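What follows are several structures.
Across the two complexes that follow, chain A remains constant while its partner is chain B and subsequently chain C.
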Partner chain A sequence: MASALKTYGTLIGFVLVVLFFWIEIPDTFMTAKNWLNISQQVSMLAVVAFTMTVVMVMGDFDLSVGSMASLAGIVAALAFRDGHGVWVGVALALVIGLLGGLLNGALVAYVGILPFVATLGTLTVYSGLAFLVSGGKTIFGRDIPTAFSGFARSGLRLGESVSLPSLTIVAALVLLIVWFVLEQTTFGRRLYAIGGNKEAARLAGIRVRRLRFLAFGLSGFGAAAAGLMYASRVASANPTQGSGLMLDAIAAVFLGMTMSEEGEPHVLATLVGVLILGVLGNGLTQMSIDSYVREVLIGSIIVLAVAASSIGKAKG
Partner chain B sequence: MTLLSIRDLDKSFAGARALGGASLEVRAGEVHALMGENGAGKSTLIKILAGVQKPDAGVIEIEGAPVTIASPADALRLGLRFIHQELSVVPHLSVAENIFLGRDYPRRWGVMIDWDGLNRRAAAVLADLGVAHIQPARKMARLSVGDQMLVKIAAAFQDASVEGGMPARLYVMDEPTAALSAEESQRLFAVIRQLRTAGAGIIYVSHRLDEVMDLADRLTVLRDGSTVATRDIAGLQKLEVIELMIGRRFAEGYPPRLNPVQDEVALGVEHLSTAYLQDVSFEVRKGEILGLAGLEGAGQSEVIRAIVGADGGHDGAISLAGRSVKIDEPVSAWAKGLAFLPRERRQEGLVASASIAGNVSLPHLDDLLRFGLVLDRKAEAEQAVDLGRKVKLKANGPRQKVRELSGGNQQKVVFARAIAGEPEVLLLDEPTRGVDVGARYDIHALLRELTAEGKAVVLASSDLPELVYMADRVIVFRDGKVATTVSTDGLDQAGLAALCFGAPTAPTA
Partner chain C sequence: MTATLRKRLSTAALFLSAVFAAGTAAAAGKIAVITPYLAQPGTQFYVEAFQAAAKDKAWDVNVIDTKGDVAAVISRLEDAATQKVDAVVINVDPAQVEAGLAAVKDAGIPVVGMDAGASPYLVTNVTSNGYAMAADTAAYVANRIGGKGNVVMFVFDAFPPVQVRGVIADAVFGNNPDIKVLDRVTPDVSDGGIADSRAKMEAILAANPDKGSISAVWAAWDQPALGALQAVEAAGRQDEGIVITGIDANPQAREAIAAGGNFEASMAQDFHGIGKAAADAVAQTLSGKPPKSSVIYVPTKLITADNVKD
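Showing the complex of A and B:
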């Protein structure tokens, strides 16, 4: 019973949150339209959280994802302003994301800096770069091609007045890829082994340094993708627009970790974490509750969930 | 005068007896050596004295009065001091701070620390110990290990006036010289002799027999958790001590040899040198078990780790079946058909959160691919089941988590991993340490099977009977160098022990 509560506590909490809003907002909350809306609202967070899961599987962190998302959006917008096509801007932003992530990976794996410190440093660097190249200004309006901003407004029509947003589809694809990589490939298996016991993994012939290097690359790539999605959605780019992503992404992974017996992150569990955060945001907004209340609630829920799952594990 | 008297101490862990009828008597003003093989119960006895573990039964008396030691604080209050081989120093703080750690520093105006006063007090303590060459203001990290040890002793000394407690009167030193140079050891011995003269009792644990014979007044030998004997050192022969320690054991309990050693060399090591090893060369033939012996840390583990590249690069050449190979990290060792079983099962061997199958497959994941990309979980599970049968693993299935297994079965998982890739050479570091008797026999039988198939085995072990009965030859290490190589034909445990403890040749029986 207690162990079931420990494993399923977070899932039960999620269901309770959904029930609460269903009762409180009976007309609009439990509708297909609202859920599709939620899926779009959380899609950026979802992408960052999914790729963050890859890093956290090894027991590492990437704090730089928020500023990387901002930087990627800026880079793409600047490319558009200089008259490059949509694909050039997108590709450039993704390459920057990958390189930035690999830089994190090199600092952590080859230089040997703690991930917390290394990515705290690059967080500041990437954020500074975003301000530097944009001159601190928001890039918007005619500079952003409609082909780019239209993507976030497009979707797969499911019926009259409902359609599956393109951003949701992107998030779902990232989910599928990360799930495949982590759960089905030897690459993923090796990452979990590193997270379980780095030294044993190394002695058993796993190239720990190379894998950490690559995993951080994925995390940077995901952050850049999320930055592009955000820029498309708001049809503009400014150097701070990704800054909220990092804490929420780590929170989502932590919430997911509470669902695993071993305390390991799994990307499907991360999805639950993302949804909890997304549903809370959506429901509280609909109830016209101050967004600061949301922050207090989310923080409390994370502490509660992690505390509940540590009870019994803690000894001495 | 009897300072400490321990009688009939019993202690079991999860059914396994660590101590059964252990007794020890230490007088004021003597150095009393506590001897015994690994697993004889020395550490348990010390942990009980230190208040880290509680005995199941038995009596502890200090100066004739029965005492209960329920916590380390109790031990401190009773005047017991412990100096362990693993130093618990704070490297970033100064010598003086390490000596007075956790105590009130002298103050100025009630708030500021009086650094000069602190350093003066520390200097006085160090001078009392005759180690005035250590400067109180130096950072601990900048001292040699030996000097750090002396500072720790100074700290233990300094605890003399714990509030409401007894002054320090009994020191327990567990392998204090393990990390010390000869000169540093001598300095430590001078301090120990000084403590003895001052009327303290010292329990001295060491595997170095020469040291013990030189330093101690009496010794007590533990074997299998019981006290075998207490003797005066004067007039005692080293060989007698060894015999007391290992008892009279029989060759029974070891599987018989199956095939003779072949002629082809499987693994060649030439002039292997690292920061720790000096010019180690040897060959292992197909079908041979080569034992590596020596005192704790003499180089046995380091050789194995160096060959698989566990600690980075090394000088010297390694060849497999006559072909020179370059191995600078474990991944290339596995790829070239070397299997490695590390010494510390939990820290270095297993991923406890993963399943049996996941642990077995770890070095061999590339052999379990479908479409060059996807992990074939079915094949992985089958591999674990097959090998589990071969190593006689007892488990609920290939997906059971290894953390749920007993120590012996966990070790079998690491073994299954080692043989999964059909390696030509197995490098085993303490493969039966902390393993129960049944699993131990299974592992030995497996080694016989593997050598019969022509595999070569390098077996580092501190278990002397294991080396004598399982190995074909044994290399004895001393201080990172090969001291001697002996055939196990006609060798007995006492002979091998004498070699480990520093005798130039095996005494003839």
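Showing the complex of A and C:
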């Protein structure tokens, strides 16, 4: 019983937060429309957090995801401005994301730099590149094709006034793919083995370097996808717009990790972490509570959740 | 463990309900003010003035700062639509948050822009008149040099609100047959604009070494004017009577104007006036008589050494 509570404490906390908002905002919170809204609002963070989970499974971090998201948006917008089609811009941005991620992977796995340091370095490089190629300006207006900005406003109609947003569908697909890769393939099991003990994994014949290299590639690719989603949602690209994603993504993964007996990240748990962040933002706005309260609450919840689960572990 | 959990949740709930109780005053209207730019001084002034005006009207105002995150503005607009507030006030480029504005419009909630930019989604946008600000400083320059001489212009046509200033100054100088625009410079603004403007001005000063060969510098905003001032002073040509003007009257510009050197004039926007006028526009809209014009201009003021200390 106690161990179930320890594992599910964060989930129960999430449910209680939802119940709290349901009671306080009875008319509008617990509606399909609002939840579809929330799903769309968290979709960009979700994609970054899901792919961040892949590297955090190995005990690594990728601090460069926020600036990669910005860079990807800028690259696509510049391609649009030069008259290329939507798919060319999107493909170019995703390739940049993959290459940037693989560069992180190479620095970490083959050069042997600590992920914290390597990705802190590339964070600065990617951010600088975003400023460099854009000239520091926001690209918006006629330069952004309506087919691109329209994507974030489109969706699958579910009824009269509700539709499943396209951004939500993208996030759900990424969730499905990451879940499959991590939980259902040997690739995923090996990543968890690396996270458990790198040396043991290597001695057991796992090609640790190559797997870390590839995992970082996935994280960069996800960051670029999120950057494109962001650019589509705001119909513009700005060299700093993705920078808020990185810390929130790491926070979401940490919140999720408190739900695992071993303290391992799992992508479905990351989803709960993402939803906690999203629901707090949505509910507190609807209750007209100061937006800075959200920051204080989220920080406190992370510390409390992690503290509770580690106290429980120390006793057990 | 259960105790920890219970304590954790009850603390959070207590905190939330305390904040919530504080937020629900007797409200004649629920207004959400949404901006990514609350950290900037101008925005703070608008918002404070708006809140002061809202207090008199007994509105329940919720100020939401997304700290530079424009996509979060869209999210918060969607939340405001769900929450069914009575009106929304934004301080952000409407073109970047159209997805959110569409949701607010679908919910039948009016949106007023506070120095936001023109958009069909807004009832009206309250701002300073960029045309008038440029006309005031350009006319000041033309009059100070007696309608005669060479003028250097610093412009920035890539940014629409600044581009209109340049167009008006062109017209004023063009209407004076003895004024010649020596150069129309677009400085590199990536470092804030002062340093590159100074370098550009130094080059122009070097190319025009004779006393009186440059009568004035008209800048579309304060940073290039400050850069030009530094260049003039560094070249030791501060006694040639070169008249420099900027726009915005930022603190650094006010200091330069008060010092009584070549930087003679700038334009001050009335940030408090913008906040108050935005509140008035909301009040009119809520009473069923929305303002007719899609833009409401709040008067600006020419700042010179005479009134800079007011």
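Just so we're on the same page, the second predicted complex is superposed on the first by the 311 of 316 C-alpha atoms of A that agree within 3 Å, B and C clash if a C-alpha of one lies under 4 Å from a C-alpha of the other, contacts with A are read in each partner's own complex, and residues count from 1 in each chain.
Going forward, contacts are C-beta pairs under 8 Å (C-beta built on N, C-alpha and C of every residue); 3 or more make two chains touch, one makes a residue touch a chain.
All values derive from a computational prediction rather than experimental measurement.
Participant: With chain A superposed, do chain B and chain C clash or fit?
Facilitator: Partners fit side by side after overlay.
Participant: I'd like to know which partner A:Glu264 touches here: chain B for first, chain C for second, both or neither.
Facilitator: first
Participant: In the overlay, answer first, second, both or neither for which of chain B and chain C A:Ile74 touches.
Facilitator: Neither partner.
Participant: Return first, second, both or neither, reflecting whether A:Gly205 touches chain B, chain C, both chains, or no partner chain.
Facilitator: A:Gly205 contacts chain B only, not chain C.
Participant: Once the two structures are overlaid on A, work out the angle chain B-chain A-chain C from the Cα centres, in steps of 10 degrees.
Facilitator: Vertex chain A, arms to chain B and chain C: 130 degrees.
Participant: Regarding the shared-chain residue A:Val272, is it in contact with chain B (first), chain C (second), both, or neither?
Facilitator: neither
Participant: Which partner reaches more residues of chain A, chain B or chain C?
Facilitator: Of chain B and chain C, more residues of chain A lie in contact with C.
Participant: Looking at the overlay, does A:Ser236 come into contact with chain B only (first), chain C only (second), both, or neither?
Facilitator: A:Ser236: touches chain C, not chain B.
Participant: For A:Leu63 in the superposed arrangement: first (chain B), second (chain C), both or neither?
Facilitator: After superposing on A, A:Leu63 lies clear of both chain B and chain C.
Participant: On the combined arrangement from the superposition, state the nearest Cα-Cα distance between chain B and chain C in Å.
Facilitator: Superposed model gives a least chain B-chain C C-alpha distance of 23 Å.
Participant: Pick out the shared contact residues on chain A: the ones touching chain B in one complex and chain C in the other.
Facilitator: No residue sits in both footprints.
Participant: Flag every residue of chain B that touches chain A in the complex, lowest number first.
Facilitator: Touch list, chain B to chain A: 308, 310, 329-331, 333-335, 340, 342, 347-354, 358, 361-363, 365-366, 368-369, 373-375, 401, 417.
Participant: Write out the stretch or stretches of chain C touching chain A in their complex.
Facilitator: Of all residues in chain C, those touching chain A are 1-2, 4-5, 8-9, 12-13, 15-16, 19-20, 23-24, 30, 32, 60, 62-72, 74-76, 78-80, 82-84, 93, 95-99, 102, 158, 189-190.
Participant: Please name which positions on chain A make contact with chain C in the complex.
Facilitator: Residue list for chain A touching chain C: 2, 5-6, 9, 12-13, 16-17, 20, 24-25, 28, 31, 33-34, 37, 40-41, 44, 131, 135-138, 140-141, 149, 152-153, 230, 233-236, 238, 240-241, 244, 281-282, 285-293, 297, 300-301, 304-305, 308, 311-312.
Participant: Which part of chain A faces chain B closely enough to touch in the complex?
Facilitator: 184-186, 188-190, 192-193, 195-197, 199-207, 262-264
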